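Both complexes shown next keep chain A, but they swap its partner, so chain B is in the first and chain C is in the second.
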Partner chain A sequence: MPTVDLALASLRELNATLHRLSATTNETHWHILNPRGQHSIAAGVDASILVEVDGHVGYYCAGMNKRARVIVHGNAGQGVAENMMSGRVHVEGDASQAAGASGCGGLLVIDGNASARCGISMKGIDIVVKGSVGHLSAFMAQAGNLVVLGDAGDALGDSIYEAHLYVRGAVKSLGADCVEKPMRDDHKAELRNLLDTAGLNGSVDVGEFRRYGSARKLYHFHIDNVGSY
Partner chain B sequence: MTAQDRWIHTPPRKSATFDDYAIAEIRRAAATGIYDIRGGGTKRKLPHFDDLVFLGASISRYPLEGYREKCSTDVTIGGRFAKKPIKLKIPVTIAGMSFGALSAQAKEALGRGASAVGTTTTTGDGGMTAEEREHSTLLVYQVLPSRYGTNPDDLRKADAIEVVVGQGAKPGGGGMLLGQKITKRVAEMRRLPEGIDQRSACRHPDWTGPDDLEIKIHELREITDWEKPVYVKVGASRPYYDTALAVKSGADAIVLDGMQGGTAATQDVFIENVGLPILSAIVPAVRALQELGMHRKVQLIVSGGIRNGADVAKCLALGADAVSIGTAALIALGDNDPHMEDEYRALGTTAGAYDDWHEGRDPAGITTQDPVLSARLDPIVGARKLAKYLSVMTLEAQTIARACGKSHLHNLEPEDLAALTIEAAAMARVPLAGTNWIPGADKL
Partner chain C sequence: MCGIAGIFLKDRELEPKLGQLLAGMLGTLSDRGPDSAGFAVYGDATSDHRKLTLRAPADFDFDKLLSTLGSAVSAHQRHDTHLVITVPAARERAVVAAIENAKGVKIVGGGRRMDIFKEVGRPDKVAARFELDRMSGTHAIGHTRMATESAVTTEGAHPFSTGPDQCLVHNGSLSNHNAVRRELAREGLRFETDNDSEVAAGFLTWKMKNGASLQQAMEASLEALDGFYTFVIGTESGFGVLRDPIACKPAVMAETDRWVAFGTEYRALVDLPGIENASVWEPEPAKPYLWERH
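For the complex of A and B:
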């Protein structure tokens, strides 16, 4: 198992090495030591590898990730897994704001809490937060699923498009054009699958969640809906 | 009628404040309940490059032979950090315009035309299409607040990256693409429902200030292995501070867009009332670069209402490294051409005034997604026109530069200029013609 100690090697060396990996590489399990909050760790990886980071990471860890599985044994700074295309990113601690921002695919799991703007502009990513999320989460969320086992802050789902939001706890307020929607069986099945994929097989009752999504009033401008803004 | 009767009534007098246009807009707003949305840049009269003139050579200055002596036009962008800087043959680039706002044929024509003369085109709010990558030898990839179509593969395919903070037509505002143009392909690229009125975000999702921007640029460099120049584009509003902060954030180049710069669609009130004319924005940006020791190291690309080689030369004389054109490039392709006057009239407008680009009914096939209308634009013919226009702009700029004794367009300088109005003198910081007076020169 290749190990890169960021107390000895530079971030540039690490990322360049990960970017050079071929699709058929045998070096499929990487261990990164002493991240010490550095930014952009394992950003832009495009390989079916496992990257384990021992410690806290700064901004944009696993940014634009494709195919890789990244595990952060610690907390993550702003924009973890931003614009992720595929793969899986797992933060074992808390995540700062804009976790999974504009993500297009893959799965982001946060064991702790996520700060403001979790899932902002999401475009197909699935995000499971075992704790709570801050204000403006799922702002302008276009596609994908945000699952929150705890509470959600102010203005959840403001100006949302077609993303699905599932929250088990309290929602402080909903944003513009975001409404609660009925939990049908297909939604429960979708949620159950997301929880299973996140490693919560059978331990959480999907019946405890409420679903939120777009009222679709703002899809076309109409003067009668101007009060929704 | 007696002479006495003639003076009972005063002649009709229209208000200068409530002129015909203002009155019509009040009536339109009362009838529709929606603000006017249109494309293009500001249409109001503003201090502009026409208010500057070049002094030319004289006894104290030595000209170059207009047709023979070399006057170079090349520009390198991105030497500050990028392993692979962009090398332009001419200092005129094509501004960011999206597939979605423009037809695929228009994007292809822009790519082919720009490539023919050795300059860049730029993607837009919607991502990169395979066609534009294929037809653009040098392609700048925009990273916008919406992140529509953003992905690492296209990021790596690009020759440069442009982080868009704002644009001149609407500093502080997001993009807009109305339902008529959200076709199946556009919707899929942007991951939006087909046919909705799309309003893009006005701020980036994953950074919120200059300290964050520095880290964001660092991430983009890491993902692309520090190969590509990273531009930062801002609308002209606080050019001194924005330029300084972009430099601080690690930009290789700054794109500064004045309020004459076009947009695909935005509220008219926004276009006409927010931002600064480009004439007033260049000098503060150059001053910021000079104070930081970064002039000519971090390149300044300016845009907004640039029409000809004289405008190009004036921008460079004020300290810019290159310019960018959008509206003018579309005109070169055939936008607002009088030969389609009957069709413009059918749309309730006239050639030269058509700006309802958001409606997708452009008879020129440029600002539309309608397959029938789009097919009217032959990309090969359009590309030839654009290439010729870009060549003429460059030749015009060279003509002026030689007359000022310059062997490279970048050797033009403020000392070569005079202003025809007090406003232009104050904004461009060059003397009023026939005087040594620069209004406000003692107050930066």
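For the complex of A and C:
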């Protein structure tokens, strides 16, 4: 298992090394020490590897991630897993603003709270936050799922397109064109699956969640295009 | 951009290291604000005395000024382009008038405990010029500036001090500062610059002068000030943090039994003693945070 101590090695060297890994690499488990809040740690990885970071990371950790599994044993700064394409990012502490922003795929799990604009402009990523999310979360969210076990701040889902929002706690206010929607069986099944994938196997009751989504009055929605989302 | 750092000590044993801790934080934040830097340090007070921090160009003759002021100055300490003088409280008004009449020298701030320094240049170099790492005290705030709303000048550098022992550092930009400045000017406040952050400092000073606590002044500024801001505020005994209601600018706080610290980024806090076990969190928008010494 390669271990990279960022107190000794440069971040640029680390990321370049991770970017060079081939699809058949045997170095599949990386351990990063002393992140000390540096930005862009393990950003742009495109390999089926596991990267574990011991400590708090700065901005854009695991940004643009493809296929890799990244675990942060600490907090994450702004834009963790932003524009993720696939793979899985797990923050064991809290995440700052814009977690999972513009994500196209993959799963982001945050054990603590995420602050403002979690899932802003999400385009297919699944995000499970075990704590609460700040204001303007899922702003202009296009596709994917945002699951919040705690509460949501002001203006949840403002100008939302077709992302699905599931919140267990209180929602301070809904944003423009975001409304509460009925929880049908298919939604319960979708939520069950998301919770199980996030490692919450059966410990959380899907019946405690409420679903929010687009009233479809703010954008030119046509039912024929629903399959595109 | 811009960077803010602040530290408020709970453990007296750390007081001799206050400047060293802040210098490390500002050094890290140099890349968020390479234009200029400044800081305020709350140190010891001498009873019945006031301190004034003066600033002048490098070729200014401080010795001549000191000889003019004569016995009115009971102690003085030079820090590069700045001079901190201690004067008997009863003679403060006369000393201020004499300095205001002298050409080329300005009063940056004053009070019972606050020393305040600011200069153009890379923050780590500015801190070294003033020998920040040798300063001690109970709390300190600092700023690294990337100018957006006004010119890169020493006047435009933070902290801004508009009242005794009061100062403020700001990350962001205010959109209604001209209107608020005009209102405050009608109330008799004087402003040295056309900088938006000075208006925020002036607003808090005006509120506190009219009897508001720092907490109440921070609450009032949520109503009065429009724009993006994260403020860190120092008073003689207090240390406050306030973010605008949409939390446009980044902010991280950390706390242990020995200190509370603010950094624009977590990176600024990583060398503080015991950070590994500190509670680290992001201050909530529109919520005043305040720590006070009793």
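Basically, the second predicted complex is superposed on the first by the 219 of 229 C-alpha atoms of A that agree within 3 Å, B and C clash if a C-alpha of one lies under 4 Å from a C-alpha of the other, contacts with A are read in each partner's own complex, and residues count from 1 in each chain.
As a convention for this text, a contact is a pair of C-beta atoms (placed from the backbone, for glycine too) under 8 Å apart; a residue touches a chain by one contact, two chains touch by 3 or more.
It should be emphasised that the depicted structure is a prediction, and the values quoted were computed from it without experimental measurement.
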Touching partner for A:Asn145 - first (chain B), second (chain C), both, neither: neither
Partner chain in contact with A:Gln38 - chain B first, chain C second, else both or neither: second
If touched residues of chain A are counted for chain B and for chain C, the larger one: B
First, second, both or neither for A:Tyr161, with chain B first and chain C second: first
Touched partner set for A:Ser137, first chain B, second chain C, both or neither: neither
Touched partner set for A:Gly124, first chain B, second chain C, both or neither: first
Partner chain in contact with A:Asn75 - chain B first, chain C second, else both or neither: second
Which of chain B and chain C A:Ala16 touches, first, second, both or neither: first
Intersection of chain A interface sets (partners chain B, chain C): 58-59, 78
Complex contacts: residues of chain B adjacent to chain A: 32-34, 146-147, 150-152, 155, 179, 190-193, 196-197, 199, 201, 205-207, 212, 215-216, 218-219, 222-226
Chain A - residues contacting chain B, complex: 11-12, 15-16, 19, 39-40, 43-44, 46, 58-60, 63-64, 66, 78-79, 82-83, 85, 98, 101-102, 104, 117, 120-121, 123-124, 139-140, 142-143, 159, 161-162, 219-221, 223
Contact set on chain C toward chain A in their complex: 246-247, 250, 252, 265-267, 269-270, 280-282, 285
List of chain A residues in touch with chain C within their complex: 36-38, 56, 58-59, 75, 77-78, 93-94, 96-97, 115-116, 134-136
